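To start, the structure itself, in structure tokens.
By written order: A, B, C and D. Residues from 1 in each chain.
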Amino acid sequence: MNLARRLAAEALGALLLAATVIGSGILADSLTPDDAVALLGNTLATAAMLVVLVLMFAGVSGAHFNPAVSLVMLLAREMSVRDAALYTLSQCVGAVCGAMLAHAMFELPLLQTGDIERSGVAMALSECAATFALVLAILMVRRARPEAVAWTVGLVIAAGYWWTASTSFANPAVTLARTLTATFAGVRPADAPLFAAMQIVGALLALGAARLFAPEKGHERIV
Amino acid sequence: MNLARRLAAEALGALLLAATVIGSGILADSLTPDDAVALLGNTLATAAMLVVLVLMFAGVSGAHFNPAVSLVMLLAREMSVRDAALYTLSQCVGAVCGAMLAHAMFELPLLQTGDIERSGVAMALSECAATFALVLAILMVRRARPEAVAWTVGLVIAAGYWWTASTSFANPAVTLARTLTATFAGVRPADAPLFAAMQIVGALLALGAARLFAPEKGHERIV
Amino acid sequence: MNLARRLAAEALGALLLAATVIGSGILADSLTPDDAVALLGNTLATAAMLVVLVLMFAGVSGAHFNPAVSLVMLLAREMSVRDAALYTLSQCVGAVCGAMLAHAMFELPLLQTGDIERSGVAMALSECAATFALVLAILMVRRARPEAVAWTVGLVIAAGYWWTASTSFANPAVTLARTLTATFAGVRPADAPLFAAMQIVGALLALGAARLFAPEKGHERIV
Amino acid sequence: MNLARRLAAEALGALLLAATVIGSGILADSLTPDDAVALLGNTLATAAMLVVLVLMFAGVSGAHFNPAVSLVMLLAREMSVRDAALYTLSQCVGAVCGAMLAHAMFELPLLQTGDIERSGVAMALSECAATFALVLAILMVRRARPEAVAWTVGLVIAAGYWWTASTSFANPAVTLARTLTATFAGVRPADAPLFAAMQIVGALLALGAARLFAPEKGHERIV
């Protein structure tokens, strides 16, 4: 029962996150010819929703909403293999439902095929850097300033939308949802595997870096 | 006397909220031909004012400013039927006065008839989703991180302005005020009943979800 | 000596505030033909600097930077007539120096004559409403959530830049500085007296409202 | 070993900061013809990343990422000459690597020669004012509200991007990185020495001002 509640929180959080990423992209793109203005609206909505979602669900499920984060928590021995797998499944189902909700609100076909090409070495490097920054920020700040984790997640993604060339998907479940929309926030399905792989690489590098900055003290694992 | 003070807080809060929603829409629309830029200004002002209003009045009246929130508090047995009805009345009177204040500041007719069509299934779904997110965020965060509720309210509405197709009215009193303005933030009076109905549906769904995430413990009602 | 330190804090704070208001207006106006985009930059800079200045100087001088606020503190018997007068003088000197600093940084004549007309009943009402909101927010939040006052001041001015027709000067010292610049943030000297008068009216109304929401308890004055 | 960890934190922080400053400038500039919109994106990303970096690394290295800050800490006798020198070196190496990372993500030559002229008295004055505000804010807020330092740093730089004529580099290591990019955030190498010199002057003035506002109490040095 407790696990069911945690999985529901992960699914609902991923749903609202994906609906925000995609929905705000659709609205912004329809209102302006200026892509930077559209990205400002997209950034504002995504970051604001992330802060809210982490505040809401941190005490229920840990507020991952992101298979790369759940993988890191598994490797840090904070969750079991079974729970990490179920978290990932819930996040992916939630994110796909979020894409459908965004499309329904804007009277578009519920499931679409992403058509924006985002490939190549530069995109791969961007996703690795973006996810590295996200996961390292989470691991460092939850230790030093746990009450600030929600703000950290929102801010690091807000920055990521601008400083990386891929606009910082940094989340395999959201990447999956973005393959299902032919709008501003979409991506071609063919590009998704490389994105997800590089996100996992970035997350693993962040776990290593976090251990460098705070290795084990005695028997207690810090990360 | 204490109730009078609470009702005054609800009325003044709803007044300042509605004046901000409508006034910032008028100014933004007059300064730019780009609707996304106008919405950025509208979003920034609304979210900033909401954070301030909740900080100001949470300790006086609970800072609802929203009949959908008062209804949920009634159903959660945190306020009486009489108080919820008086709160709703105060919020509506305040919001209408706020529309008039905004019009007076911009030298426009004090009361107008909204002329922007916002109807159909997509709009209904949007208002339901927007109010669900708002009310669930309030119910979850006031339990887990009460000091962060003011930020939560501002941020969830900032996101809502962009991720929903209706720009997230999410408040029957503000919806009423918006039927009285033929400016950027307005809506046709004929569309208001569906908006208000869907806002209530969204609020009730949020109450149910909040109970799912934290059911009764012993005799204590959590929500 | 202690008073000298407080006056220096008020002067330096008003200097940085006025330089930010005017400097960001000059830069924004030079970079874009879209007045709403310029106002976004102007708003962002002003609000960010206000939060920082209150965090920096609240513990030194109370962080007024505003003769209308010092007047209210005088009426609330929290400072002497002499101190309020010296605060006001320091704020005005600082704000004028801030205008000069902004002009120097942008290679403009150090002192200019404001040339933007901002007059009439609508502007008067706007300044009254803007200052009412600012002062009421300060008085309510410093009582209920003192650690949040810095954010409150920044956010209420950010909202005020958009929801009022006058862009919310809300500060007689900053109004004085703005009569000395013929740039984006300027105002005609002839319009300043009405602005300052309405700011004081708004501040006094806020003091009355704050007392309504929290009257004396026993012998202790709350406001 | 402990020093190595601190130096790694300074290098990684400066890397992520420089990559954000330069990367967000490249993306923003490519998306819009409006320089103020581009600066909004650049500001948002830089400020958000600064808040995150200070939250992450304050407990590890003090989160300077800035030779002007390390110099002030040396003069305040909070670090040794050796450590300040090594901090400065780490910050510069990190910032240069950050420029290279940004270029790699956008498929540009890894090292370039900055070509934007930023010279003259007005620019010198701007850098002095910007760094004065940054360092004074850090020194005052870490004493009065240490938990708010991360926000302070982000906000004072966000304001600085707009209220100064130089967009507030305020950091010799970031200035070095900006000489190595021929993009939106770049600067000519020939202009860098004056920038760095004025940043140091501004930092020293801030140290003096901070001592004015809080001189020694007994034997304890406050700053």
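Please note the rule applied: contacts are C-beta pairs under 8 Å (C-beta built on N, C-alpha and C of every residue); 3 or more make two chains touch, one makes a residue touch a chain.
Model, not experiment: these values are computed from the prediction.
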{"item": "C-alpha-based rotation, subunit A on subunit D, 0 to 180 degrees, nearest 5", "value": "90"}
{"item": "Cα-centroid distance, subunit C relative to subunit D, in whole angstrom", "value": "28"}
{"item": "Inter-chain centre distance, subunit B versus subunit D - centres from mean C-alpha coordinates, in Å", "value": "40"}
{"item": "Contacts with two or more other chains, residues of subunit A listed in rising order", "value": "34, 37, 40"}
{"item": "Chain-level touch network, classified as line, ring, star, complete or other", "value": "ring"}
{"item": "In the complex with subunit A, residue positions of subunit B that touch it", "value": "34-37, 39-40, 43, 47, 120-122, 125-126, 129, 133, 136-137, 140-141, 144-145, 148, 151-152, 155-156, 158-159, 161-165, 209, 212-213"}
{"item": "In the complex, subunit A residues that touch subunit B", "value": "5, 8-9, 12, 16, 19-20, 23-24, 27-28, 31-34, 37-38, 40-42, 44-46, 48-49, 51-52, 55-60, 101-102, 104-107, 147, 150"}
